[in-house]
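Below: one structure in structure tokens.
When the chains are written out, they are named A, B, C, D and E in that same order, and each has its own residue count from 1.
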Amino acid sequence: MQTAQLIRHMRRNTAAYLALFPMAAIVIFAYLGTMAWSVRLSFTSSRMLPRNDFVGFDQYVQLFGTSRWLTSLENFVFIAIFFLAICFVLGTLLAIFIDQNVRAEGLFRTAFLYPYAMSFVVTGLMWQWILNPDLGIERTMRNLGFSEFVLDWVVNSDTVLYAVVLATVWHGAGLVMALLLAGLRGIDTDLWKATRIDGIPLWRAYAFIILPILRPMIITSLVLLSISIVKMYDLIIAMTNGGPGTASEVPAKFIMDNLFERANIGLATAASTTMLVTVLLIIAPVLYSQYLGKKGTTA
Amino acid sequence: MSVAETTAPSLRRPVTSQQRWGRIGIYAFLGVMTLFFLLPLYVMVVTSLKTMDEIRLGQIFALPVRPTLEAWATAWSSACTGLDCTGLRIGFWNSVQILIPSVILSILLGALNGYALSFWKVRGANLLFACLLLGAFMPYQVFIYPLVRFYSQAGIYGSLSGIVLTHVIFGMPVMTLLFRNYYSGLPSELFKAARVDGAGFWAIFFTIILPMSVPITIVAVIMQVTAIWNDFLLGLVFAGRENLPMTVQLNNIVNTTTGERAYNVNMAATILTSLVPLAVYLGSGRWFVRGIASGAVKG
Amino acid sequence: MTSVSIRNLEIRYGQQVVMDNLNLDIRDGEFLVLLGPSGCGKSTLMNAVGGLTDVSGGSIHFDGKDVTWLDPKDRGIGMVFQSYALYPTMSVRKNMSYGLRMARVDRATIEKKVSWAADILQITHLLDRKPAALSGGQRQRVAIGRALVRDADIFLFDEPLSNLDAKLRAELRLEIKKLHKSIGSTMIYVTHDQIEALTLADRIAVMKDGIIQQLDTPLNVYNKPANAFVGSFLGSPAMNKVEGQLAMRDGALTFEAGRFALDIDAYPFADRVESGQKVTLGLRPEHIVPADGVSPQFEVNLLLIEPMGNEILAWSDFEGISLVHRLSQDDNFMVGNPFSVNIDTRKASFFDQATGKRL
Amino acid sequence: MTSVSIRNLEIRYGQQVVMDNLNLDIRDGEFLVLLGPSGCGKSTLMNAVGGLTDVSGGSIHFDGKDVTWLDPKDRGIGMVFQSYALYPTMSVRKNMSYGLRMARVDRATIEKKVSWAADILQITHLLDRKPAALSGGQRQRVAIGRALVRDADIFLFDEPLSNLDAKLRAELRLEIKKLHKSIGSTMIYVTHDQIEALTLADRIAVMKDGIIQQLDTPLNVYNKPANAFVGSFLGSPAMNKVEGQLAMRDGALTFEAGRFALDIDAYPFADRVESGQKVTLGLRPEHIVPADGVSPQFEVNLLLIEPMGNEILAWSDFEGISLVHRLSQDDNFMVGNPFSVNIDTRKASFFDQATGKRL
Amino acid sequence: QEAEVIHFWTSGGESAAISVLADAFEKRGGEWIDNAIAGGSAARSAAINRIIGGDPSTAALFNTSQQYHEIIAEGLLNDIDDVATRNDWDNLLPAPIVDAIKVDGKYYAAPVNIHMPLWIWYSSGALEQAGIESPPETMEEFFAALDALQAADITPLALGGQRWQENLLFSAMMTNVGGRDLWTGVYADKDEEAISSPEFREVIETFIKLKPYVDSASPGRNWNDATAMLIGDTAGFQVMGDWAKGEFTQANQKIGVDYNCLPGLREDAPYVLGGDVFVFPRTEDPAQIEAQTMLAETITAPDVQVAFNNLKGSIPVRSDVDLSALDQCAALGMEIMADPSRLVPDASQMMNEYVYGSVQDVVTELWNTDMSVDEAVDRFGNALRN
């Protein structure tokens, strides 16, 4: 690109450049800066405070020798798959059902959305209670005479992740619903008419016509859910604290524990760098096709 | 809803049995889901109305024997968070003070970024956005140390503007994503028409694009109000002692490790704290407008 | 092949009543063209027939069966929307075939039908594009295609050819006519193109403000407009209207407007008229013809001409009454000069000034 | 008042080249009508002039100034989009006044202009509605109104009247003409309505596949089409085309097609022609007229007639060549019978078969 | 003097205790600005961030593990040597406490209380129902009691299945089965021999043996819910710090009547000294330094110590205080403290946070999986060697 052309381009879009300036500044200083900083720290032996003694890949070697980290990764994959799938499907269904001109829509919408207003701490605590065999559903059912009733997900190492997924779905499905509802409401009414004339059954209309149009919203909600999975921390703390044993440890908790309680910044940043690279590997192709491959609409 | 209301005077679409079953199915699904979503709320409310003695019995689903609002009163005005036993009341206004500018600014910036990204060509902007999005996957905690350093150099550490800026920084990836993807579904002809009408970058944003963003703005408000209102960590670190948000108190009430735990007060405090986001959710309904872009373009 | 009867139809958008007590009978296999000024309720009526608008009163019957509340998909309808309403995420091919796939038509048939329609519509090379990558007229053709492939009993076309060039429009008009002949479905067709209306229609329904003004064959609607509105709505340029009154002069019924007097004994009045009655004379431009030197002629003042390719439009003035008429390039005229014309009173129309109704 | 010159314009959508090396000069204050088949690139060209499409090559000049990269808002244009592009959240009034508000025109003037335009467009009663509550034609009128109120140097109208009824269309056509006269802006106007094209245009540009085929006055474009495509694209029904060859017969230049032979000595050839050259004869329907008994006449076989209100279209056959021509209700004809016609060779067109160019 | 104090004592009882400090400080003419932040690590990192951000608080509640040493090394703390020498802390405070807070010969922290995290609490009612006449004094008796409780359909051991609680239980086995030498050998010296010793294996085995005595709903349970089981007589024993007293008191339970405490299950059971200290972030402001000095003086004053620890449930850091005001268990604790041979520092003070965390990881896995003793020994070794 010639300079003259570049200048012309810049002049034509001055306002856009100006408007994006805060974002650029924030990205460069806050995000790229911090990311670089934390990647750098992951090659040092920093403990509680950052240090500058480079130790190469020691932290990574240590990290992948830590069984708790490996468990965390496994759990992460499990939660990611199930949470993403269930939360998305449920949220979408809720949005679609609410969109059917139901009465008391506001009530339903709020009922599905309110968990989102609850802090993770309370969410975790509540579900820990409800699923606890001693307090919650199991005990209630047994008191009602179902003496064989078992619901001990949260205290059982093999099933505790189901409980975590349940709680996170409870917390997050409302947001997916709200997002998709906003999208659904934007659909032109004429399009609905066309589907009705074409005799397209409702579910098919949603699956093959409406949802594809909502693709941007779907991507948004999937990204949001993914972020919440990668960052999932408080809920685990409140609900299981990683237990029983280390059965529900997650990467974010590992990072946080090492960042604070265990004052091992080097290891924490190594872990977060690992997560970052993982995310990058997964979303890079998506990002590329979404944002870099496609040009904007105007000059 | 009374029966009289359901049989409205004017003509009504007669319902076939298939449709009736369809409606029943919809309501059944929504009903079951509502139960699922409300179950924890029920437990929270009941618990908040119980005395600690009753709670120690461990019957979380049981209705309170002698319901009392004492816990609520305590949570609001006399729960102790360290030395001052003033409940949540104190932090409330701080939270509001943080909430309003943070929500407005972060949404405005997110919308602006989304607009500039999807309608204007700015060299490298998409790459920046990709970095921003990647950064959203990093735990906040990793940012804290460098940000604290930076803020203290900039002289805004521990001030209202500091915490607002922090929320803007951390809200930016998700807000930008939200708006950017929403805008990619809007007909670009409108943008073109506005340019022909002589509107510049800002005029188009404020007069054309923002008014069409109502549904997504509502989602954005929901997300940011929730995130900022519920934020504890950032407020704690960046707000300064005079501006500590309500959640710091909530956390102090709920999150004690070795002190005694008053579950009833915890629950009351939690419900109280979530009232503001809940109010926002409830009020958001009428803004989920149907067909906001209807009638705009043909084809 | 379905007859459609609409009984006392009432439709509102909120408070606003768009149509009130509309009645219309469409015969089995008929090609009905809906004509009317913009905003008169044509699309609304189409939507009601298609079951896409909730009616607030009245009923719609197909073949005698009340379908007022029947689901659109069970009505056997193909429709071209005025706004196209294409599925934006699907290719042209999918847009066109989706309805068939829903009806579980087998693959080969779908393939055949789509390529048949694409061929007619000349969009074969666009089949794999998304609507966003099409020009306005191409989108419109996809919308037509989507309807054409269906084996519907009733086709609803809402200004289907408005964005196409004249040549293509003529070709497609013919195709639609052919299609109608071959499958014999009932068709309801909205157009603003009078040639389309006149060439396609078995009958034309002229609407205004949600009320059907006349429902008749094209020729009758054109030549014998039921009221002044219909008279002036059809035809381009519009019918000349001269306000005046009836009088008996020399024993012959005469129309008088100022100094203009026309012997109208030959006019076949449908209603009783009386001398002194205030009437409006409606005269199509082509009924003012260059004088043949035989019949009584009028001398008009040629003010302005507009060459239209195959003919010339002329604006003239006769004693303060302005008239539009047609000339051919061969006629001998000069702008600014007088010009003699004959008026064919048998083909004129008279309307009551008070009611606007044809006399 | 701005002249527009387009130089070597190239536009692509991705890989697809929509126009390549297009040149066009529009004079200051000219009313240029763009005609062309659906998908030929008319809207694309308009968008390029408006600065709404990125051009991949060439340049656009207003009054000699290169504006290829100028922001749309600085070009002084008013535009009616084919897809309307109304602001869905604004009332009709606001939609129309938006451009003026952006230009910081004072309130009173805005008020005045909007009500003037609304009045012309007959949408005064709709001013407070949102676009979603309008009919198709009403939306289109709002889109026109939005452009009309602006004091633009160049107006771009992309099929502005396509969804309006004939009457309104005629009225608005006149208003646009008036507007053009009074403010003298340069206007570029896309239409598929040939009456519009012929009555409005100072010059017509006929496009095909992104290439301008002819740029000339309406009469010339109609009567002297530059090539076979233009000849058959304009006029409805289309020009008759007869393929044949030139020959000298009895010392006179003759056109022969099978058993059909036409003396064309009177035809003013623009190019050199030679005997034996393969040519196409283009004959407009109105140039085949009922025989006057004087000029050489042909006996055609009347196959089909189509009454069009003011005239009748006839499809006839002459020795295997099918012809369309016009009849009037007064002519003496009978379908299925022979009918004698004259052919006006001076008004015919001849095209080279190989190149399609007018001879 | 204004003194802003960051601490993590947020619950009702804790607040009451901290207000003793505040009142005393204000009585001396200072002004106490309270900044309570729940959660030790949250409060600590807030304090550190404040220092880094250039806006340090006057004092902050801290603990004396690795972090403490690191911030001292970074020069982020003021020392309070003058207060210490004036009050002769070297002799007044128990040796493990002095060892913990004195770095490079200087005092950087003022101790405020001593917690014994390994009390064994029991419900008198539950024991009675199970027909246990007297509380167990040895490990054998303890197991016998557990069996008896089991037989009586009472949960023998109330445990919250959280990492730190499981770790308390393990530590209790370390002290009561392993004894003082093993405690220091494994935790302080990380001695390979101690780790592979039969004594340590026995600790692990005993720990494993406890599993059946815990109910299945234990995982995730909060410590106070476990205490509530004792209060409700549905469980027999709980290993928990002295803060559990608060929970009993809240439920109107009488020490010695409804419940009681055991310091250990053998004569020489080591007495673990945990506790909280206040640190004083670096500042040059003389007014602040004065406030820091005054705070350190106030906190460690004898009367303040008694009043404070009574409310907090812990015991005073100095031996020269009036014992009469202390409750039964605290008095017992003070009594044991008089014997230096039984005192050991808390595990957290013998390892850096990371190592201690890794040890806890092993403990929790040991408790929650079928880890073999050999593997456990192995894992402990790895964790400790880090």
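FYI, a residue touches a chain if its C-beta (ideal position, glycine included) is under 8 Å from a C-beta of that chain, and two chains touch if they have at least 3 such contacts.
Computed from a prediction, not measured in an experiment: that's the story for all the values here.
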Requested in this report: Could you name all chains that are in contact with subunit C and with subunit E at the same time?
Outcome: A, B
**Report entry** Shortest path length from subunit D to subunit E (each step joins two touching chains)
**Finding:** 2
Report task. Between B-C and A-B, flag the pair that has more C-beta pairs in contact. Result -> A-B
Query raised in the report: When the centre of a chain is set as the mean of its C-alpha atoms, what distance in Å lies between subunit A and subunit D?
Result: 57
Requested in this report: Starting from the mean Cα coordinates of subunit B and subunit E, work out the distance between those two points in Å.
Outcome: 39
Report summary line: The distance between the C-alpha centres of subunit C and subunit D, rounded to whole Å, is 22
Report task. Please list all residues of subunit B that touch 2 or more other chains. Result -> 58, 145, 192, 195, 200, 251, 254-255, 291-294, 298-299
Report summary line: Among all residues of subunit D, those touching at least two other chains are 52, 71, 82-83, 133-134, 136
**Report entry** For subunit A, residues contacting two or more additional chains
**Finding:** 9, 134-135, 188, 190, 213, 260, 298-299
Report task. Could you pull out which subunit A residues touch subunit B in their complex? Result -> 6, 9, 13, 15-17, 19-20, 22-24, 26-35, 37-38, 50, 90, 93-94, 97-98, 100, 102-106, 108-119, 121-123, 125-127, 129-130, 134-136, 139-140, 170, 174-175, 178-179, 181-183, 185-190, 213-214, 216-217, 219-220, 223-224, 226-227, 230-231, 233, 252, 255-256, 259-260, 268-269, 272, 275-276, 279-280, 283, 287, 291-292, 295-299
Report summary line: The subunit B residues in contact with subunit E across the complex are 52-53, 56-58, 80-85, 144-145, 148-149, 151-152, 157-158, 233, 236-237, 240-241, 248, 251-262
Report task. Mind listing the subunit D positions that touch subunit C in their complex? Result -> 13, 35-39, 42-44, 82-83, 133-138, 140-141, 158-159, 162-170, 192-195, 198-199, 218-219, 222, 232-238, 284-286, 306-311, 326, 328
Report summary line: subunit B partner, complex, touching residues on subunit C are 54-57, 69, 82-84, 86, 131, 136, 139-140
Query raised in the report: Which residues of subunit A touch subunit E in their complex?
Result: 47-49, 62, 66-68, 128, 132-135, 152, 154-157, 160, 239-247, 257-258, 260-264, 267
